[in-house]
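Both complexes shown next keep chain A, but they swap its partner, so chain B is in the first and chain C is in the second.
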Partner chain A sequence: MRQPLSPQSGANKSRRVELHIPAEPEWVGVARLTAAGIASRLDFSIEDLEDLKLAVAEACNCCIQNGGDGDLSMACELQSDHIAIAVERRGALAKPGARQPASGDDAELGGLGVFLIRALMDDVVYSSDQTGTRLTLIKRLGK
Partner chain B sequence: MSSRVRTDGAEERFDRDQTREWFAQYAASRDPEIREELVVAHLNLVRYLAVRFANRGESIDDLIQVGTVGLIKAIDRFDNERGVEFTTYATPTIIGEIKRHFRDKGWSVKVPRRLQELNLAVNRAVETLALELGRSVTVSDLAARLEASVEDIIESQELGQAYNVLSLDTELAAEGEARSATLLDYVGSHDEALELFENKANLEAAIHVLDPRERVIVYLRFYESLSQTEIAKRLDVSQMHVSRLQARALAKLKQSLKVDEG
Partner chain C sequence: MDIKVDVRQTDGASGVSVVDLNGEIDVYTSPKVKETITDLIDKGHYSLVINLENVRYIDSTGLGVLIGGLKRVREHSGTVHLVCTNPQIKKIFDITGLAKIFGIFDSEQAACASL
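Our next item is the complex of A and B:
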C-alpha cells in the first residue's frame, strides 16, 4: 500500500498520477504541463494553475540543483478539495556541506526557490539530505 | 541567474551582516540614503522573482517595477528585531505586488483568451504548414511559425478547454452538439432561482433581505447582465467570491419568496 501524500478526507477516492523524468532542466516543462493538466481537473482558477506550474518548476529545479544520481519523480494526488504534489530526487547532494543549514533558514537550504514555493502554495514540506531532496506541495481549492 | 542572495559562504555572510546593520540604522534614523542602499542591495531578489512571472505576458521591466514597489514596502515594514531574515519577509510582499499587477490588468480574463487564440491559430497553421511542408506538422514546426513556446502550443491544445470553464458564460461547444450551451445552463439551482425573478412585485419586497453587497451583485448580474468575472473585476473581488455571494443571495431570495407565498 502506498503512502498517501496527504491525509485523505473521508471516503473520497484519491486519484494519483506518477511521472518519472530525467533530472535535466529541459524536462521540467513536462512536469509543469503534467501538473497543470492534472490540477485542472479540479476547479482551480487560472491564477492558481499558473502558481502551481511555477511552484512545480521551482521544486524540480531545486531537486536538479541539489544533485543526486536518480531521475526526478513527481507524484500528483487529487483530492476533492486540494492537490498534493510530491517532487523527489534521490541521491547525495552535489556539493556536500555547501548547503548545510546554518540557521535552519530555507534560503540556505534550498535557495530562493523554496521561498517562492512557500509564497505560492498553501502547504510545503521541504527536506534535503544525503538521501535526496524531497518537496511536497499542497494547493487547496478556492480560498 | 547569479544573485547576491544565492551565493554561498563568506560573501553571503558578509551581505547578511551588512543588511542587518543597515536595517538597524534605518530603524533608528529612517535615513532615505540607507533605505536606498537597502533597495539596491535587494534588487537581485526582485529580478529573480520577476523573471519567474515573466511568461505570464507582462513585460519584465513592468514586473521589476511593481516588484520594487513591493520591496520598498517590505523594507519600510520590516522589523529587524523579529529574528526573521529579510528575504523570508520580503518574498511574499514582492510576489503579492507582482500578482496584484496581474489582477489589475485583468489578466485572468486575458490568459484564457490568449490560449483560445493560440488554439485557433494552431488549428489554422496546421493546415497551411502541412501544405507548405508536404508532411504532417510537428509541435516545434508550430512553435516556430507562431512564435510561441512548445509548452504554450501543447497547453493551448490540452488545457485551453479547461481554462475556459472559469466564466459561467463560456460556451461549452461539445463535439457533435448543435447548440452551444454555456456553463450557466448547467448550474441547475441558479436557473430555478432565476424563474423567481419573473415575479417582480414579490421580488421588490424580497430584495430587502439582501445586504448591500448581495444586492449590488444581483443587480449587476441580472439587470445589467454582467458576467461574474466582470462583476468580480468591478468589485475587486475574486470570481469565486462573486459566485458564492450570488448563490447565497439567490438562496436568501428564494427562501424569502417561499415564506411569503406560504
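Our next item is the complex of A and C:
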C-alpha cells in the first residue's frame, strides 16, 4: 500500500484520473468505490470518504435519471488540499414524458439526491441542459 | 455489491414483520428491497421493522423505498420502524430529516416493543 499524499507533497501538482462507465445502475458502485480509492490518497477521514462515496453515487444517479445517450464519465482531480470530482453524461435530456416517474415517491428522489450532495460536499456546481448533465463536487481536507 | 433480503414474522400475536437487510442499498439493489416491502404491504402487513444493522451503505433511492413503504403503511394506520446503529447511516437519516419521521432504534427488540 502506498502512503497517502500529505497536503504538502507535490503542493502545486494536480493528479487527474478519469473513468468512463456505462450509464447503468449496476455501474454506479464502481464509480463510488473508485472515487473513494482515489480520495484516500489524500488524508481524508473515513467519514469524509463515506460522504464522498455517497455524493458521487448521487451524482451518477442524477445523470442516469436525467437521461441522455452517452456513457457516464467521472474525472477526479487531486490537489494538495482538496479533491474535485466531475461527473458528466452527455446527450439530450430525456424528453418530458419519456421517463415519467412511477409514483410521487420516485419523483422526489432526484431532489433528495441533490440535497444530499449539497449537504455532504463543500462546493457543488450543477448544470443540466440539452447537451447533458454535469455535476462537479469539491471536498476539502480538514473541513 | 448486492443486498440480501429476508423476511420473518415475530413470535406472538403482535403481527410484526421484520425485514432483515444485509449489504448495500443503492440504485441497483433498491428495487429488490422495494419489491419485498411492497409485497408485504399488499399481503396486509402494516407493522414493519426494517433491520438495517447489516447495511453498510444506503443512498437516496434506498431512502425513497423506505419513505414509500412508510407512506403506504400509514394509509392503513401502520408504521415502519428501523433498527440502525451504523453512525454513517444514522447521519444520512439525520441530515435528511428522516430521523424525525421514522422511529429509529438500536435493537430489534426495542423496535418491536414500540410498535
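The definition used in the following text is that the second predicted complex is superposed on the first by the 116 of 143 C-alpha atoms of A that agree within 3 Å, B and C clash if a C-alpha of one lies under 4 Å from a C-alpha of the other, contacts with A are read in each partner's own complex, and residues count from 1 in each chain.
To be clear about the criterion, contacts are C-beta pairs under 8 Å (C-beta built on N, C-alpha and C of every residue); 3 or more make two chains touch, one makes a residue touch a chain.
Everything numeric in this text was worked out from a predicted model, so none of it was measured.
By the touch criterion stated above, A:71 is placed in contact with neither chain B nor chain C. By the touch criterion defined above, A:50 reaches both chain B and chain C.
Within the superposed three-chain model, A:119 lies in touch with chain B and with chain C [touch as defined at top]. With both structures placed on the common chain, the touch criterion links A:37 to chain B but leaves chain C unconnected. Contacts of A:142 after superposition on the shared chain: chain B is touched, whereas chain C is not. By the touch criterion defined above, A:25 lies against chain C but remains apart from chain B after alignment on the C-alpha atoms of chain A.
Touch criterion met: A:58 reaches chain B and chain C at once. Overlaid on A, the two complexes show chain B and chain C touching the same residues of chain A, namely 29, 47, 50, 54, 58, 103, 105-106, 112, 115-116, 119-120.
Within the complex, the chain A residues that touch chain B are 29, 32-33, 36-37, 40-41, 43, 45-47, 49-50, 54, 58, 98-99, 103, 105-107, 111-112, 115-116, 118-120, 142.
Those residues of chain C that touch chain A in the complex are listed here as 1, 24, 26-28, 57, 59-61, 63-64, 67-68, 71, 88, 92, 95-96.
The touching residues of chain A, when paired with chain C in their complex, are 25-26, 28-29, 47, 50, 53-54, 57-58, 60-61, 64, 103, 105-106, 108-109, 112-113, 115-116, 119-120. Considering their complex, residues 3, 5-6, 8, 45, 48-49, 52-53, 56, 85, 87-88, 91-92, 95, 99, 102-103, 107-108, 111-112, 150-151, 154-155, 158-159, 162-163, 165-166, 238-240 of chain B touch chain A.
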